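Please go over the structures that come below.
In what follows, chain A forms one complex with chain B and a second complex with chain C.
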Partner chain A sequence: MADRTLLGVYKEPDNVADAVSRLRQAGFGDNDFDVLSGTPYPEGTFGEQVAPHRLFIFPLIGAICGFSVGLLITAGTQLSYPMVTGGKPLLAIPPMMIIMYEGTMLGAILFTVIGVIFESRLPRFSLGVYDTRITEGYIGVLVACPPERAGYTEQLLREAGAEEVKSDQRGA
Partner chain B sequence: MQERRVLNEAQINQGLLGFVLKTPGWFWVAALVLATVVAGMLTSIVVMIVFGLGPTGLNRPVFWGFMIVNFVFWVGISHAGVMISSILRLCQAEWRRPVTRAAEVLTVFSLATAASFPLIHMGRMWRFYWVFPFDFDRMIWPNVRSPLIWDPSAIFTYLTGASLFVYMALLPDLGILRDRTTGWRHTFYSILSLGWRGNPRQFKLQFLLGVLLSGLILPVFVSVHSIVSWDFAVSLVPAWHATVFAPYFVIGAVHSGVSAVVTMMAILRWAFKWEDFIRPEHFDALGRLLIAVATTWLYFFMLDVWFGIFGGESRELSVMEQRIFEWPWGLMFLIILTLGYIVPVSAWLFRAVRRNIGLMFVLSILVNVSMWMERLWLIVPGLQNKERLPFNWNLYIPSALEIMLVIGSFTLVMLGLLIFSKLFPLIPVWEQKEGQLLREEIQIGRRRVPAIIRE
Partner chain C sequence: MHEPRPHHIDPRPHLPETPQALTVDLLGRFSRQGISGPLVVSGILLLVGLVGFLMRLGGGFAQREVWGYYAATFVWVLSTAQAAPIIAVATRLTKGYWRKPMIRAAELWTVAGILNLLLLLPLLALIPPLEGRRTFWVNWQGAPQVVVLLGMIGLVACGLGFLYTSALPDLGAARDKATGGPRGLIAALARSWAGTPHQWKIMRTGITYLGIFYLMMLVFMHFLVSVEYAITLVPGWRDPVFPAFHAISSLQAGLATIILTLGLYRAFGGYRQYLALDQFWNPAKLLMSFSLLWFYFWWSGFIVFWYGRTPAETGVLQAVIFGPYLLPFVIGFICNFVAPVGLLIWNPIRTSIKGPIFVSLIVLVGNFFDRLRIYGGSFLVEPFGHEVEHVPPAHLPELADFLVIFGAVGGVVFLYLLAMRIFPPVSLWELKENQILTRARSLVRAQVVVIGKPE
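Now for the complex of A and B:
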């Protein structure tokens, strides 16, 4: 676990791409740095690698759960108090399907949202090293490094064109 | 299509967050006026809680009147919001950027307003919890065969989905607001933003969220208004008992909802001076969409009338006769056709009209006047039951209390939108920035043509 975090603040995307290249050359891995921006740049703009995610499994699990709850409510209530009406089958399948469908969709929606929050690593209770200019057009490069490499990393970020480098004693 | 001005991130922040960060005097006046009318609506609800349905104009045989009309109308308005937003997101249509959030927020407030009307109409609204299967001791369960149980399940799903859609797509903008505020507002936005920092992974997941939720909510939107239509269609009331009701209601909802989006966008452009963001090209595109939607609606409208006549069943025929030839329904039939189709579609055929925001505003209101009337025209004549037992004949005349509820519902939605726009930007700031970032111009022959780079 690194115990120093540095944030290089850049004005131009080209400088950020340069900073990312320098960090890679200096031996930093994909998990050691992150790029922060207020605008969604196309993936790979800065040469960064986005780690794989498992978002698509979430709606599937949610849909199965929602369907099961829908089935439990509709079939369970009718079976637990079996009242035959007009000689018709006890389980009324067509109306059950309506509620099971809504349950399936609700489960899928809820789990999609949970999945996005989980995979985005939110909620995050502390922003750590941060600069409010990031939401006004600047781009931040956040680097986690051991204390003995902090000076070298700061120099590296500045050489790539950082307007300012902020640091924190806490881990990333 | 693109006529945008080039803006940097600070200018976009300033333009779209200005109203959130600074409160103009007119906000308090508008909020006070709207809140006063909403207070009138609440008073009417209290009167109904105390005296029941007696003070309304509802009486045998018409027990579904203005409140149910309002319910169907607001569910309809709620539909276009998410539909527009979802379809445009899935297609990655560039002109979606200023439209999506306002449309989604309109969905949330109109759906919440719609959902309140069956409760008000119940009289004893505190008994609502009986729609949930909770009585395990006596095993008294809700009847899953009843559309009155399908309705809450569909609306609950839709309202939950739409609210989460709005909130999740707000996360990047909440991060911007957190960085631009101090004091309690900073704390408020910090909590809501969940610690959003805007790294590539979070933005990628935002994009996927838009795609996934759009894909999931679109079928829910179709199911919700289908189920609302089945409140009527699975009954044996003449002129309600029609298989065409589900698609007819859905397309009617889209017609009124897209028109409501046009109304709202015109108001946003004027009120917040968002000329750089909501431009004539957006009204042009919505106008073209409305021509197709209105024509499909007309097809189903005429189909419903035709099915009623073609069957030759005497009770159906008597209702259709009443709807088309008898006062006041005959006049309404003409108004619905004229304001819902003939006047607006004839006008929308002209590009100059579609790009004239004032005219688009007026036409969109005319469409919704017609669509509200259409719901009344669909619901009440069938119940008036004019064929059997003359002592049962009755003309429904709404009371002042019901009229107050209708007026109050419009102001409630407006007040909700006003308060939301004070707390959050009604145009997604981060999506505007993305649009500016990906904007490019290419030279084709002697012209420079705007283009958009897409993945």
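Now for the complex of A and C:
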């Protein structure tokens, strides 16, 4: 079971790509390591695999909920308290559409914001192993490994050109 | 021989060359930005506006015409400050590379919605009863109030979510390296942002979704406001083009807001090297297009009433164009169409920094007078019946109106400056992306910039 986390800090993007290749060759899976960067490199720059996200589900669910509430309120009230005016249809579609549109938008917006927070794993307060130089252009490679492989992983990260390797159990 | 350049100013910003230098420079500026003075001045203006607000509130809601200036101010903020973020949305969706140094300046304007949401509250009480007037709310008493309020809440929430999502990487950077600002709050907002590929992907997708939703909500709000506070208050006003005119003229004013903001960033904010000709020239081209569209949409609506000439139609023209608010209309027409097109059509003005700033100021003034003639006129007439029976003289502004107008300007600036203390006012991550995706290359004897556009 992985209970050690190592962070290799790199200055050059090429070294990061090299580290990712070495980790793969050493048997690490895509879920065992991550790349940390303060710069939005295009997806796959370092050969990393980015797991597909599910953010689109959030606005979709929000929109469906909002639309349903809008429909329920408008159609429900008119059908529950029918007031036929001048022989016109009971359901007044144009104002219903406005309320349903608004409900759809409100639901989609709310759920998107919630989705961004949860899908980014932002509810966590702790950063774990981190180096503030990443903000200045350095790139980190974060590896989770079993304690017995920590030494080997650290060596692997250093061989790829890491300027420093940090661990979550320095004193251990 | 080289052809002479059409302008003598370097079009591109001169940015620090490495991510480290860029981070140190931008976060250094963010940490030591001297905005305390403007913050105090705008705060005082906000308090002055609060006094005006209470004075207006003390007069009650029985006389709707005295609220015309207040309503115009509310819609002016909706049309300028709250429309400004659309420029960030549109340029990001179209991958306009010149947007990068200016995009946060546009996004920060989303905070103006907080004040405008409060300004809206008394206006809800000014929507007249539904009986005896044209409305699509059938017998649903209270529906327009609820729908307008929820729409505004949605727009403000969407804007704040959009700003937060877009600024997440910069909040993370400020958490790590900034030495000033409310660091505890910044760290709490940045939370565990570390810049994993997954987080970047979510952030990008999130701002795309929320940006599109913001555009949809802003246009929707213009529809609601223009219908509930203008069209349905003037008997005989049947104009499907008007909500579209309202939205288009708002985009024009939003663009002008951004250009003026960038001018202030450049002159007083210490961001001169980040904002070059590209950041003024390109929006100026859009501003000219929107000024032409302003006329096109206004004309499309006007011509129906002009040639229709029924009593109902001439009544509408009297109420909102040729009647007591003729002067505001003329000022609006000149400032929103004649002057911007007449000035920006000239290359030396359009291809400059000061020219677009000056034109933007004119457009913002024009937009206020345009809103005044619409809402001042609409609040003046009786909303019941089939046509305007009588157009009273214009309601002249009182002390409370002046205080509210200045207070609203002070209030949105105050909120903007407060937001600048939390969110870095220039997008660090967008500029870093620019650094890795932009290269200067030689093309035979010319120097060109090659811009990578992934995805």
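In the analysis below, the second predicted complex is superposed on the first by the 151 of 172 C-alpha atoms of A that agree within 3 Å, B and C clash if a C-alpha of one lies under 4 Å from a C-alpha of the other, contacts with A are read in each partner's own complex, and residues count from 1 in each chain.
In the analysis below, a contact is a pair of C-beta atoms (placed from the backbone, for glycine too) under 8 Å apart; a residue touches a chain by one contact, two chains touch by 3 or more.
As the structure is a prediction and not an experimental result, all values here were calculated from the model.
Overlay on chain A: chain B and chain C clash in the combined arrangement.
Within the superposed three-chain model, A:I99 lies in touch with chain B and with chain C [touch as defined at top]. With both structures placed on the common chain, the touch criterion links A:S80 to chain B but leaves chain C unconnected.
For the contact definition in use here, the residues of chain A common to its chain B contact set and its chain C contact set are 34-43, 48, 50-51, 53, 55, 59, 92, 95, 98-99, 101-102, 105-106, 108-110, 112-113, 116, 119-127, 130, 132, 134-137.
Note for the complex: chain C touches chain A at residues 18-20, 23-24, 136-140, 143, 147, 150-151, 153-154, 157-158, 161, 164-165, 168-169, 172-173, 176-177, 191-206, 209-210, 213, 216-217, 220, 224, 429, 432-433, 435-437, 452, 454-455.
The touching residues of chain A, when paired with chain C in their complex, are 34-43, 48, 50-51, 53, 55-56, 59, 83, 85, 92, 94-95, 98-99, 101-102, 105-106, 108-110, 112-113, 115-116, 119-128, 130, 132, 134-137, 140, 142. Here chain B touches chain A in the complex through residues 8-10, 13, 133, 139-142, 144-146, 149-150, 153-154, 156-157, 160-161, 164, 168, 171-172, 175-176, 179-180, 194-209, 212-213, 216-217, 219-220, 223, 227, 430, 433-434, 437-438, 453, 455, going by the rule given at the top. Chain A makes touch with chain B in their complex at residues 34-43, 46, 48, 50-51, 53, 55, 59, 73-74, 77-78, 80-81, 92, 95-96, 98-99, 101-103, 105-106, 108-110, 112-113, 116-117, 119-127, 130, 132, 134-137.
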